[in-house]
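Both complexes below contain chain A, partnered by chain B and then by chain C.
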Partner chain A sequence: MILEVPTSLVLSQAVITRGSSKTAQFVAERAEQGRRQLQNSNAIGLRSVFNELCEVADECTSPNWDGYDAAPVSDETYRSAYRFLEALPVGTPAPSVGAEPDGHVTFEWHRGPRRTLSVSVDPEDELHFAALIGHTKDYGTQPFFGEIPERIFRLIQRVSAG
Partner chain B sequence: MNDRFKIDLSERFQNLPHAPIVEAVIDVRARAEGAWVEQGVRRHFEQILSGYAYLDSQQTFQGEFEIKAGQPPRQSVRELGLKGVRFRSTDERHIAQFNRDGFVFSRLQPYESWEQLSREATRLWQFYAELARPTEIQRVGVRYINRIQLPQRELQFEDYIEPAPQPPRGLALPFGGFMHQDTLGVPGYSYAINVIRTVQIPPNLESEGIALVLDIDVFTLQAFNLGKDAIEQRLQEMRWLKNKVFFGSITKKALERFQ
Partner chain C sequence: MNAAAGPGLVAGYEQLARFIFWPKHVYANGTPKPNAFLPDKMLELSTTRHLQLTQGELWDIGRAVGAVSHRILNARSDVIASAFFDQKLRVVAAPTANNLNHANVIDWPLDKASQKTIAQQIAAAAGPALPAPPA
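Here is the complex of A and B:
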């Protein structure tokens, strides 16, 4: 058996081509069941991060939630952030979750002052990211279509490595 | 070996009059740049889609169930806006989804041909692109869901698919079900393939047999600019991959049954 694991393959397992028949629905439920089972595991899943996202969204739904005129986290932003988490492959290290004054939700992988990545999710399904790895900076914006953009996933891998 | 992998579009595959295809799907993901409001989207397609009728609108919901110490459980549902609208052909054999994040075209039973599927999907895609005005395509998928109904009381999976599931070595226990998913890369190309093999067990085993499901999903995640030829070339290559997976996954006995 040959096992080759390019990043695109790791990322591809969360999203399937959408169908309409009862059999398509059956397959989607079975696949989701298996995925949730793994995601709910404490060892390799992200259950605690989903809970954290829910708490952050609840705490930041009103304007001025920080006392400094912060914008609320909208339902659209929450939806995008939830889908972003769902799209992370099982086994991805857990990020911390926060809200920003502009109402975006931020996921942060922080392994040290020079190994850190933040991905900010906005209501328009755009991902704004900034990473510092050693002396290398990388930042930009990528659209989110349900799969984690390869560039961002590579940064998660680099920050989390070792 | 992998370096030599080549998609051969000149290869011909056996035509199966009774192919077990319950659904064939072409799924194009692209972000709608124009406004995506239910009334406007529905009206647009109602005006231009002859032979189709509005089926439903799909909203995005998020359910939450919260449990806090000392408080009763709290359940809430958030409505997250219009996902898209669905139209069904008057003969009920096609379903088209026009979503904020792309277009999905399904051909249901009885399957006719690749030419019919791709022609109709391409025609409807043009209508979607006119309204959504996407600037690039993020993902294209070709998915064929095959459902092989086994005769009653027959559980010989190896007669139909290969490789058939096997119990652990030294523990020859009967299967109560299985769900097997493989993800394959395609060296030299930007495609990947998800292959799912599973069983569908009916509620009443006395009156119905078990069905084997072979679900082949070929897709590309490499973004590309809009252009009819660009999509068509990819669709042809994905179809070839789908056929190779299908004919490489079923047995001679199954092939005979589909003749």
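Here is the complex of A and C:
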């Protein structure tokens, strides 16, 4: 059976607020567990993106992978990038994966040269992002605490909409 | 002709080639990704001025650059120098032994997010990633 989940419905659940009571924590943990199971399923998840991340990390483990003396993608960066992917809400459009000269991993939502969002994950769990939507630019840096920052999530929605 | 370029600024109307060695720096539709235009750790982006070079000579330079860095040339994307000036960057001639037309794009901001937004705009202005012909 293929479960169809409207993207807008799933995306609207993106920013999760957790309560502090034991019950709230239990519910949050179970919800997280279920979400991960869904995320990892081939039908609606990001399995191919996890595979692409693995491939990119593999290709970029040695310096100079780009021919211009790029830094390798470290294990720490790979782990941060993996956690970023895990944190994406189910139903999020799949990004493509890349790497940057400083060894950061990139997740990119790209509909065209002027409708594009790039998020870099570094080993210190900082997210450097830049979006170009028409002639509008939005860019900055946000810490990653295990959940997708709302500002970045809104940009994913904007780039992917329509 | 392999025109020698002395030190100095590059003119805004000049075409610059960015050689691409990692296939994942090119989208499936043949356009270059912004990551292909991010600066290296010296905060420089390496390019080659077309000047009077033929297409064949340009590709030869790309292969020579790849031979030095032990990478196979995958593609090339051409960008007009003024696209860098529009981002408040400068392009300076920096001839090397194997590339007399070499030029560096400099004055990149230190902030990573600022570099990324600039790279996106350069990629939007760049020509398609032309696949390297067989040697």
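Here is the rule we go by: the second predicted complex is superposed on the first by the 124 of 162 C-alpha atoms of A that agree within 3 Å, B and C clash if a C-alpha of one lies under 4 Å from a C-alpha of the other, contacts with A are read in each partner's own complex, and residues count from 1 in each chain.
Keep this in mind: a residue touches a chain if its C-beta (ideal position, glycine included) is under 8 Å from a C-beta of that chain, and two chains touch if they have at least 3 such contacts.
Just so we're clear, the structure is a prediction, and the values are computed from it rather than from any experiment.
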For A:21, using the defined touch cut-off, is the partner it touches chain B, chain C, both, or neither? Pick first, second, both or neither.
first
Applying the document's definition of touch, where does A:82 land relative to chain B and chain C: first, second, both, or neither?
first
Using the touch definition from the top, say if A:106 reaches chain B (first), chain C (second), both or neither.
second
Let me test your reading of the model: by the given contact rule, A:31 touches which partner, first (chain B), second (chain C), both or neither?
first
State which residues of chain A lie in both footprints, the one left by chain B and the one left by chain C.
none
So in the complex, which bits of chain A are touching chain C?
56, 59, 64-71, 98-102, 104, 106, 108, 110, 113-114, 116, 118, 120, 122, 128-130, 132, 137, 139-141
Residue ranges of chain C touching chain A (in the complex, touch as defined)
19, 21-22, 24-25, 27, 31, 33-35, 38-41, 46, 65-66, 69-71, 111-114, 116-117, 119-121, 123-124
Any idea which chain A residues touch chain B in the complex?
2, 4, 6, 8-9, 11-13, 15-21, 23-24, 26-27, 30-31, 34, 54, 75-76, 78-79, 82, 125, 143, 145-147, 150
Which residues of chain B touch chain A in their complex?
2, 22-23, 25, 27, 29, 31, 60, 62, 64, 66, 78-81, 86, 95, 97, 101-102, 104, 106, 108-109, 138-139, 141-143, 145, 147, 179, 181, 183, 185, 187, 190, 192, 194, 196, 198, 200, 213, 215, 217, 219, 221-222
